[in-house]
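In order of appearance the chains are A, B, C, D and E, and numbering begins at 1 in each one.
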Amino acid sequence: MLPFCFEWVWDLGHVLFIGGLLFAPIGILGAGLTYCAVKAAYETINDSGESHH
Amino acid sequence: MDSALIPEGAKRCSFPKFYMGIAVVGAVVLWGLLAWGLIYWKGLNQTNMNDYYGFALWIWADLAVIAVGGGAFFTGLLKYIFKIDELKNIINFAVIIGFICYSSALLILAIDIGQPLRGWFIFWHANVHSMLTEVAFCLSFYFAVLTIEFIPNILENRQANKVSFFHHLAHNMHGIMVIFAATGAALSFFHQGSLGGVAGVMFGRPFSFREHLNIWPYTFFLFTWSAAAFWPCFTLLVTKITETITGKKLVGDKTVHLLSKIAGWMITSYIIAKIIDTIYWATVTAPSLGFKWTHFYSNNALYGKWMLFTELILCGVLPGVLLIMKSTRENSKLRLLAIILGVIGVCLNRWVMVLQVMAVPVMPFDTWALYIPSWQEMATTILPVAYGIILIALTYRYLPVFPQEQELNYPVEEEAVDEPVVAPAAEPVAATE
Amino acid sequence: MKQEHNKAHKFGMVIDLDKCTGCGSCMVSCMSENNVPFKDDESDKKKSITWMRVYKLTNGKSFPDTEIVYMPRPCQHCGGKGDHGHSPCVSVCPATATDYGYDTGIVSQIYTRCFGCRYCMGACPYHARYFNWWDPKWPEGMEKYLSPDVSPRMRGIVEKCSFCYHRYQAARDQAYAEGDKDNIPEENYQTACTTACPAGAIVFGDLNNPEHKVHQIVKPDPHPDPRNKHVVGKSRNPKVFRLLERLGTNTKVYYLSDREWVRKQGDNYLEGEWDKIKNHHGDTSHG
Amino acid sequence: MSEIENKAENGSTESAGECTSGDTKDDKGLGLGVIFFIVAFVVCFLSGTLLFPKLLYSKKEQPFNFDHELHVSEAGDCDACHSVREDGSFTGIPKLAVCLDCHAEDPLGETEDEVVFVEEYVNKEKEVPWLVYARQPDCVFFSHAAHTTNTDCKVCHGPIGESNSSRVYEENRLTGYSRDIWGKNIFGIKKHSWDRMKMDDCAECHKKETGHQGYCFQCHK
Amino acid sequence: MKVDRRSFLGLGLGAAAGITVSPMMLKIMDDSSILTQTTKTWPWALDHPPFDGEVSYESSVCSLCPGSCGISVRKIDDRPVKIEGLADYPINDGGACLHGIAGLQYLYDPARVKTPLKKNGDKFEEISWDDAIALVAGKLSDIRKSGSPEKLACIADKGQGSVSGLFKRLLKTFGSPNFYTMPSLESYLEVTAAALHGEGKTIGFDLENANFVLSFGAGIIEGWGSPVNCFKANASRKDRHAKLYQIEPRLSNTAANADKWIPIKPGTQADLALGMCAVILKNNLFNSMATGFTGFSKLTAMLQKEYSPSKTSEITGVKAADIEKMAISFAKAKMPLAVFGKGRGDGAQSLKEMAAVHTLNCLVGNINKKGGAFILPKNDYLEFPGESMDNTARKGFSKAKTGRYVNQLVEKVNASSKPVVEALFVYNSNPCYALHNPKSVKEAIGKIPFVVSFSSYLDETAMEADIVLPSHTFVERLEDVPSGAGLAKTVVGLTKPVIEPVFDTKNPGDAVISIAKALEGSIAENFEWESYEECLENVTSGIWDSLSEDGVAVISEGVPSGFVNVNISFIANNPVTIQAQGDYDLTLIPIDNMRLISAGTAASPFAIKTVADTVLKGTDIVVEINPLTAKGLKDKGFATLTTPMGTARVKVNLNEGMMPGVIGMVEGLGHTFDNKFVSNKGVNVNDLIGPVIESGSGLDAAFGIKAKIS
């Protein structure tokens, strides 16, 4: 359900509903996951640099 | 043989014995898959559904499975946001049950719709006014949250933990699990409610129609509330079953009592709200549409007043009271009774809100329609249950699901563990039950 | 934003139950016009697709005072509460496969969008929506009699009466060709059941247009009914009633009968309620 | 972190050595993985974007070449052959009878396409199986009567009137519909209005002209 | 470079990422859902959408039943797609019944005979038209040579129309008087008119104007007479303030729509009519002209003695006061009209009943008056050239017919050991299904050595035939269709072919002409026409121009003039009233359901689809029975129905509209030919009811049969 879809109407219902229930969760989950993955990758690389802490 | 995978220090049954069990349950899964294939090949005429019963066993299974499995959001909420740390012993298992329930809900929905290849239309051409769109959105994203909550547990497997990237990933995910839990809670609150809204919004069906608060019918809030209320019962029930099968004590009594207490208060508050709602509906909403409330419970073979009584009193007030009073809550026999009644209560409520809605005649000259599921419907409903059992068995065997498993079943030998966690001597006695 | 709201049509129907003979011409004409399929055994009426279905009602009395009446029931094309276009089915469809046409008042059903979740079938109290449980098949050669104006459906989707919308499309085409696209004479757009009814029991037209017969018979009351604010367009003709009006569905199919027991079958009433309101017809009536 | 996890971590050191904890080796292994990743990514992405459309759309030739430009100069504008009947319905691709108004047993011009036309179809009274570039899906109702009064044919059909050779007809192997509907560019980027004629394109123009995208049954049947 | 597990992982991930980011995934997802939107999704669905084209309308006439309504066929290029009523057609003016509307389904009926068939053993094999005609002609000429041409018989649906005319002409010039028509309302009207007004007449009912219609079981809105004409007459009843009283044991659709339903014991309608005549005579309400009827005084004496109101109410179960009130209001009405012919009016009717009801019309003097009964001459618009017969033909033709009606023919054939009938033509009728006790009819037809069926479908009778010469369906043929069946006006319509014949079938007229030509000699001389079209134009020359231009010719419309003499001596002799056969306690009566066809053609798949599940449930027929009579039987439960003719397993529908002591079973089900949408559903009610020959008229007048249910 993206803004260039046929059904999309720029009204409160759409913005709240689609924004709140589609884009917000995807955003949060996506950001959270990428953050973990990047941090983990970063740590793995540093890890192999030093010995086990 | 697969001992390398079994968590450190945990005793599991032998490999062949385990996979014998899996094979048996696997046969049920195959039977379900056969039914599924038949339905996709020949079409929905394989079921006993008809134009009166567009929603039937599958939608009830959907709603019931999500009601009993959806409480994981509530646990996450309590543990991560309200910091009730005692729940950490059950959070892993809750997430696994939630994951199984949501995956089976999506599986059933995939079988239930007439044109599976067009399923993505619900996202692409979404109708914002429809409750089912809300369900689809939040269901899928909360399933994503559950998967995210499940991944760290998987990565704690002995072999997986060896790969440092996984180890770090699990560690980091634990770190920000609060955010995921919060999103999950929000999403789950919405879609549990919208499942209730599915029935409450239908102003063409006086049996399930309820007055609205803004755009949400009261069943919206009742469904969320009942999901959170009856979820602990289901989790405790499944834990009890797992404990009896594995013969080990997996969750400390402290956690069990805490969960039962939460369930007790939630059930009682829910059932009071539900009774008020039912009374308002029976005295105001239905009569305004021309129906005496007895119309919905008379002259048909199945839906009588006994069903209302069972749902509200026998499986509502009784378990609530049993779980509130400390004495009955602590007694494991009564607690088990209350738990079972609770689970039956929520399943009955979902059955009534899906199938009785379709059965009740609305046009004066219409008649009651009754329905019996076909074997294909039953097979595809049991399929997720069997797949759930397999998943629980596998996670129990290979993943460190129960933190208290060590200290509950293998009383202290290594001195290395120095926390004064060991409960008084009475503890192990309870463990060996 | 509604398209040319002032010129919006509101197509509706009034069916005279005292003229209806229960002969079934409307059912067959509808099936033949709209490429509705048929199966070997159509006697399970809960799995039999008939967009127009004729119900047989009785006054419940025993021999010899029994009376029966036939009630043809097409899709009611509900306008929803307050007639704002949120019909029971349109408001629940998750993929906007069914929508309310504000320009005609007709509830559309798009067979290529519907993915068969069947929620709308549950929401409709009139059972006017049918599901393709089977794949439609025609005996060898018979597919040659299919009309190109209505796309044949495939299994797994819901279908319903469209007030023969393809005939409205043809009527507009003709109006365009004749240069005056906005005035479509009453007889240019009539549904298949109306034209087939041998007893002339079905009258179809634009409820918003005072010259149309349906408006003259029904005399719809534009103001909301004082007793139930959701109800709009209640008929001011004492002999005319609507199915399940109290639910606020605001249907566009009106029924007409001289017999009181037939009118009483149109809706649900508590004890003694019927006698109180049976003479109440729109706010101008004395009821 | 739960105790079990601590246990698992310490336990890893003395477990059997067969699992290669790669991290202690040199870090080239990781780089190699990344290279493979990029190579595979590029290859698959390009095949998806360039190779796939070729596979998806089959190319077909018209029964014989048709010179629009010549016919426009000879017979007159579009509605000489593609006309709206008086009941508002649209004739679409003309039937053989319309061609026979001018053509007869012996060809008028000297192109060998016309010879094919005359021998294969005129003499055998067989309808020409034209492949219709602009054929909309079965569920679509399009009223030419409503559009020909206010829209130029070029807007939707493009400059076919000026073409003197029939271009290749590309048909989607999966759906059986013409590529002109779903658009030349796989990403759906449109240079001219006639590059694509999907629902969104109709909606766009309706929104501009009538202020509303149109209700479902306006274009569906 | 060491390729290890990690690089494979990278490769896999890269490929997956590359594919997902490329438009392929989305495109395939989009296209696969579009594939589900096309009609060629599954091999068993349509392989192409219905083609668009130019819309055109062609008008024609439907000849599925005697109603002969005008129809307008909507065509796309040359494909007929929809049939509806023809506006301004003199008979139905725009409406059409469900069978006519579903007419196109007969065109592609799975049971259609595609080419001429020849029976060998018990299987049919295909043969060409020429061989078939030669074979038939060969057989016929042997019969003629054997010196007894009268052994050729023909059963047709009606005696009117050019095709029946050709059949009659062939039989006459061949030398056989044995031309029979199936029992239909048209034949019953002619028999009644003959009994009361002399030969060559028929009766029409001016329902559109009558303001007090007294129907003795006639299903006015259930297919009686010309169905759509009756629907329209009934629809305008309310505006004309006309009354309709329905007298029958069951609350039929007509009774439900009537102003008053008078339940009556089955089979006693005649007694009620005579009871009412007695009241009219006693109260001196009869028309002055009535005294001049022959047999009037005999009738008055008989009625006083036999049919006093109390005696009649005891026989019929209708209260005496009601009989009197009804008779008086009937006599006093401005335009009273009594109608007869139970149900659809075909099937079995008793002459006593029809004559008694028509006597009511005569007594109140509403004959040849507006809103009354019109005594019309038989519809003789056809001008066949004179037949030139050789002496065998003249000798054979002069002999007496083997029996007056079809059921007598069947009895005679079954009774005699040596073949009374050598060859039989069956045209547009299905005696093995539509007559009572089809088992004996099949037996009789089995005895006839050579049977030729002209049916378009392989129905019950065609399956017994030796040769099947398939004819066009009504949408493929050119034919004149004369109106009849009680219509107040006489109209001739023209059925026009709206589509090229779908299979290798012929117009039955052409088949008869080619048989006659193949017989050469004196017979061929009478069939000079090249084709049936030429014959049609020739024999309907008087009205051909209006027929061909506007597709219809109205022969006579308004009130017929002229004196009509009435002879009520038949009824005055008080013939015996038919009793139901058997001695069980309940009575089984057939029900004429508008949504089914009882005349032998099967209903179309669409029509069967509209039949309620309280009439047909799966393959089980559901009988109507009053809850009081069905003590112990469960609604929708199974039961066994036994009559002297046989037993049947049925389902029960407890129906308050059925008179206690009576069981109702619908006509038109229980077909056995090869069409899975229509056949092998329910039971043929004729199997359970045996013929009861009425002594006075020789008609099969069995209104039902005694039965028990358990």
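We adopt the following convention: contacts are C-beta pairs under 8 Å (C-beta built on N, C-alpha and C of every residue); 3 or more make two chains touch, one makes a residue touch a chain.
None of these values were measured; they are calculated from a predicted model.
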Centroid-based (C-alpha) most distant chain relative to subunit B: E
Centroid comparison with subunit C (C-alpha atoms), farthest chain: A
Most extensive contact between chains (C-beta pair count): C-E
Chain whose averaged C-alpha position falls nearest the assembly-wide average: C
Inter-centroid spacing, subunit D versus subunit C (mean Cα positions, whole Å): 39
Subunit D and subunit E, separation of their C-alpha mean positions in angstrom: 55
Centroid spacing, where centroids are CA-atom means, of subunit A and subunit C in whole angstrom: 47
Intercentroid distance (Cα basis), subunit E paired with subunit C, Å: 33
Multi-chain contact residues (two or more partners), subunit A: 6-7, 44, 47-48
Where subunit E touches two or more other chains at once, by residue number: 32, 34-37, 39, 49, 52, 55
Per-residue multi-chain contacts in subunit C, two or more chains: 44, 96, 111-112, 135, 151, 155-156, 170
Touching residues on subunit C, where the partner in the complex is subunit D: 1-3, 99, 101-104, 106, 108, 110-112, 149-151, 162, 165-166, 168-170, 172-178, 181
Residues of subunit B defined as touching subunit A within the complex: 123-129, 134, 137-138, 141, 144-145, 148, 164-166, 168-169, 171-173, 175-176, 179-180, 183, 187, 190
Residues on subunit A engaged by subunit D in the complex (per definition of touch): 4, 6, 44-45, 47-48
Contact set on subunit C toward subunit B in their complex: 44, 46-47, 55, 57, 71, 81, 86, 88, 91-97, 113-127, 129-135, 155-158, 243-244, 246-249, 264-271, 273
Complex contact set, residues of subunit E against subunit B: 29, 32-33, 35-36
